[in-house]
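Some structures to go through are shown next.
The following pair of complexes shares a single chain, chain A, combined with chain B in the former and chain C in the latter.
Right, the complex of A and B next:
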């Protein structure tokens, strides 16, 4: 038994080091984002603590030798693209998963071809799409060729989430509703949807964040108007400055607020469901 | 029969989307790899010239070998680091809330832009980077280690940190699903800890290892950003080759590199899927 206890300690320490490994770069990045500007570079030591680079990202800093990040329009494009991708891939994911509740011939083929979308590397798909667009003389734009590839990528995630939800779904409530003469559309809206809502929310979160951060697929298909990740990728070629770190900290905060919104929506929906269930029980008694 | 029609109606949007925007681009890539490449344009005259060039050039064939080497290294390292962590989370943490909290801790970094995460390694690994400063302060080394940044090593470190979670997640999930009574009864029957691991935990966690390996493989093989950010453009993977070829309008050549990459990946995934049936694991 002693051996198991010491193994547990060893693995515990190993896991702690692992978490440190995961977070180390962020901590360093966070510290360096408060580097003095505009002379301070992206390395230690910190010359003087300042919020210069945050002002720089926001566009409040006086002009200097460091060019401002080309955000702004790129950010709006990325958010629009992520939103559209989220809506389309979630709807398609729900539809496909709904079809999978019944056994049908060729389900294996359909399953794997959907999954292929998340497995094929973005750079290959981007290349193929660019070639296809060239062949047919279609202009490459972030809202056309890049958008369809984003959906190809996020749709399998939405599908898998919904599939997992439907697998744990009690179909008898739906049957009860249908046998009481409620129309299928109304049954979906009033019975099915409220139950699968947490899953839909997760699927939306997945789709939005994946699309928002996606760039190998966008690189060849996005055309001349860049999205946010492409704007960052463009800065790779030149010297990096701490403004990128400040920007990284800000985007992380933004993502966390998305996560918080998701958590709040989820807890509201479960609470409402619980309230409804207890209300039903009172009605019965 | 009506229900069958309903099923296909539900499937239609997704299937049409996949055919047009996933299958068609991939077929196009294979097709274009046989086109004739001239200096600034491609012509749809079929030839195997680009293929011959690819395999006879040291630069490109070397990039293929380097890609495979880095991929296998990253795969093995993520497995060696990821498995113990997954074992700890799945087997030694009994409190469900704590278990979830630990997994969420691992996933949180994914809410930062991928490119920013890659870039964050630069001030870590550089000659005046955090690791060198700390090691020098403690007195382990006298002079800064220079091989940490702008080498193959830095690319591997960066990739391992970014992709290791995809290994931890599936394995921890499978280990967490193992029925506790199974291990209890093995213990009651006098099995040692190592026997329990070898005969119960390892085989039952295998699907997790497979799924994790597939994730890591497809992501590492399609990589180019980590290599260009952390190697100072010194380490060229096949992904980087595709980027530069497209940049100089050598579409046919980029397509060849793309097809080669796809074949390597498909072969690996096919072997993995023979070992485990993915669909039964959801």
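Right, the complex of A and C next:
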């Protein structure tokens, strides 16, 4: 009995420590982002609590010796890139997974060549792409060469998510729709897609977040207009101020809000079903 | 109205269907009986257009529809596990075909509501319209699935083991209701089942399938009393079947009355209905096939007695309670079984009935 209790304590403390290490950097960053400015540096102790660095990131702080973070445009670029990558990867992932519902000749080969995109080290892929682009005289840009690599990288993730979804998908509902006289295309829109929609959301989320903070592939192929992770790294290499931390907190909050939107979208669809089921819908209308 | 002409189908070289031909008339209830793996579901999927045959043709009102895609056939298909749309409620499930089909799509919601409501009433789902499919019972799902198909007024409706997942009570009720619904609409039904009672009770015409072939088709009563094929007899689960070297001895011992010796010599198999066998004490002078009583099974309206013959075959005897009192038999005692020559069916080496 004593042994079980001590094991419980051990595992509990171990887990607590693990969580602490996991969130440690973020907590430190969060605390330091409230450092006094512009004199306060990115280290303890906190001289005085303030929101100066948040104002600084937003551009509301009066000019000082600390230059504003060169991230405004980079952020827009990153968001645009992540959005485009998300759309393309998810569409391709859904379509490919749909194709894999039937065994076809060479399906094994296709499967591994798709998966390769996420297995091959990003540095190698980035370097290779950069060399290839130079060879053919193609300019390297975040919206061209880097975009292609982002899709190559996130597409396998979207594909795998959808593969798992289709694995549990019961094709008999599609057959039912066909036998009711509904065309295959309309069956996909009206039956298949609504059922796999939660999976599609997951695939989108995956693709977006992976692309949003992608580093090595973008480093080699992004060209001169940097994306957000590269911009942050650039400031880090010179001298850092707590404005970077404030920015970090903001982007993390942004990611969280994406997750919250995802959760809301999911629960809305299930709640609507539940509401209808319990007859609530009738009362409302 | 629907004609299936020599359909062949194989999977990876293994034949699943060979030379299937039959016809369905207007306003007819057909049952298709077969054990699992007999190819009955494959046949149904080919008719529905969900599978392509390797050879053969299907005609609907004289038109060749063999290569017509599923959604243009106007053949309804009620699946075994209902396959309801999980994201839609009962009403929308039933209205789905009317709203989204390619031909004759309905956009007038009031018309859709009227048609769907009529169908809901016909299948007895009134009051369930707004429920989601996860919140209704198995029997109700079955009704939704049926209503969803029937509301689109298909030329013909295929049902794949429609009562398979229902409990016994519900099954009996649905048997009657299915027939009533069909009569009301005047659509032909093809009902696939592995249950001989269902097939016998429901079909105006019955097909028996085995190993990818139709072994016999006809009226249920004829199939039951005079199975032309030994497989048909077997699938009725109402016959004792004797085959092999010992058969002639069995017959000699068991038959009351005369059977021409030439007929017996041609026979390779013999089938005797379970309820046509009489049991006598071994001590009595009565002749008959010697067999040891093992046990009996009381089924309410009938009793089934299990005997073991001297070469360890099981022989079943059925007694209907309305006809006689249950027998009092001692376990492990020897009895003599006998039957009238006229109640015995003989089959040749090709398993065909010798008339």
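Assume the second predicted complex is superposed on the first by the 263 of 285 C-alpha atoms of A that agree within 3 Å, B and C clash if a C-alpha of one lies under 4 Å from a C-alpha of the other, contacts with A are read in each partner's own complex, and residues count from 1 in each chain.
Heads up, the rule we're going with is that contacts are C-beta pairs under 8 Å (C-beta built on N, C-alpha and C of every residue); 3 or more make two chains touch, one makes a residue touch a chain.
Just so it is clear, the model here is predicted, and its values are computed rather than measured.
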Chain B versus chain C as contact partner of A:188, first or second or both or neither: neither
Touching partner for A:149 - first (chain B), second (chain C), both, neither: first
Residues of chain A touched, compared between chain B and chain C (which is higher): B
Partner chain(s) touched by A:176 [first = chain B, second = chain C, both, neither]: second
A:83 touches, of chain B and chain C: first, second, both or neither? neither
Partner chain(s) touched by A:262 [first = chain B, second = chain C, both, neither]: neither
Shared chain A surface residues [contacts with chain B and with chain C]: none
Footprint of chain C on chain A - complex, ascending: 170, 172-173, 175-184, 186-187, 190-191, 194-195, 273-274, 276-277, 279, 281-282
Contact set on chain A toward chain B in their complex: 3-4, 7-8, 11-12, 14-15, 18-19, 21-26, 28-29, 32, 42-44, 91-93, 95-96, 98-99, 102, 104, 108, 110-111, 113-117, 119-125, 127-132, 134-135, 148-149, 151-152, 155, 159-160, 163-164, 167, 209, 213, 215-216, 219-220, 228-229, 232-233, 236, 240, 244-245, 247-248, 251-252, 255-256, 258-259
Footprint of chain A on chain B - complex, ascending: 3-4, 7-8, 10-11, 13-15, 17-18, 20-29, 32, 81, 84-85, 87-89, 92, 102, 105-106, 109-117, 119-124, 126, 128-130, 133, 161, 164-165, 193, 214, 218-219, 221-222, 224-225, 228-229, 239, 242-243, 246, 251, 254-255, 258, 261-262, 265, 269, 278-279, 282
Of all residues in chain C, those that touch chain A in their complex: 48-50, 69-77, 79, 81, 83-87, 89, 96-97, 100-103, 130-132, 134-135, 145, 148-149, 152
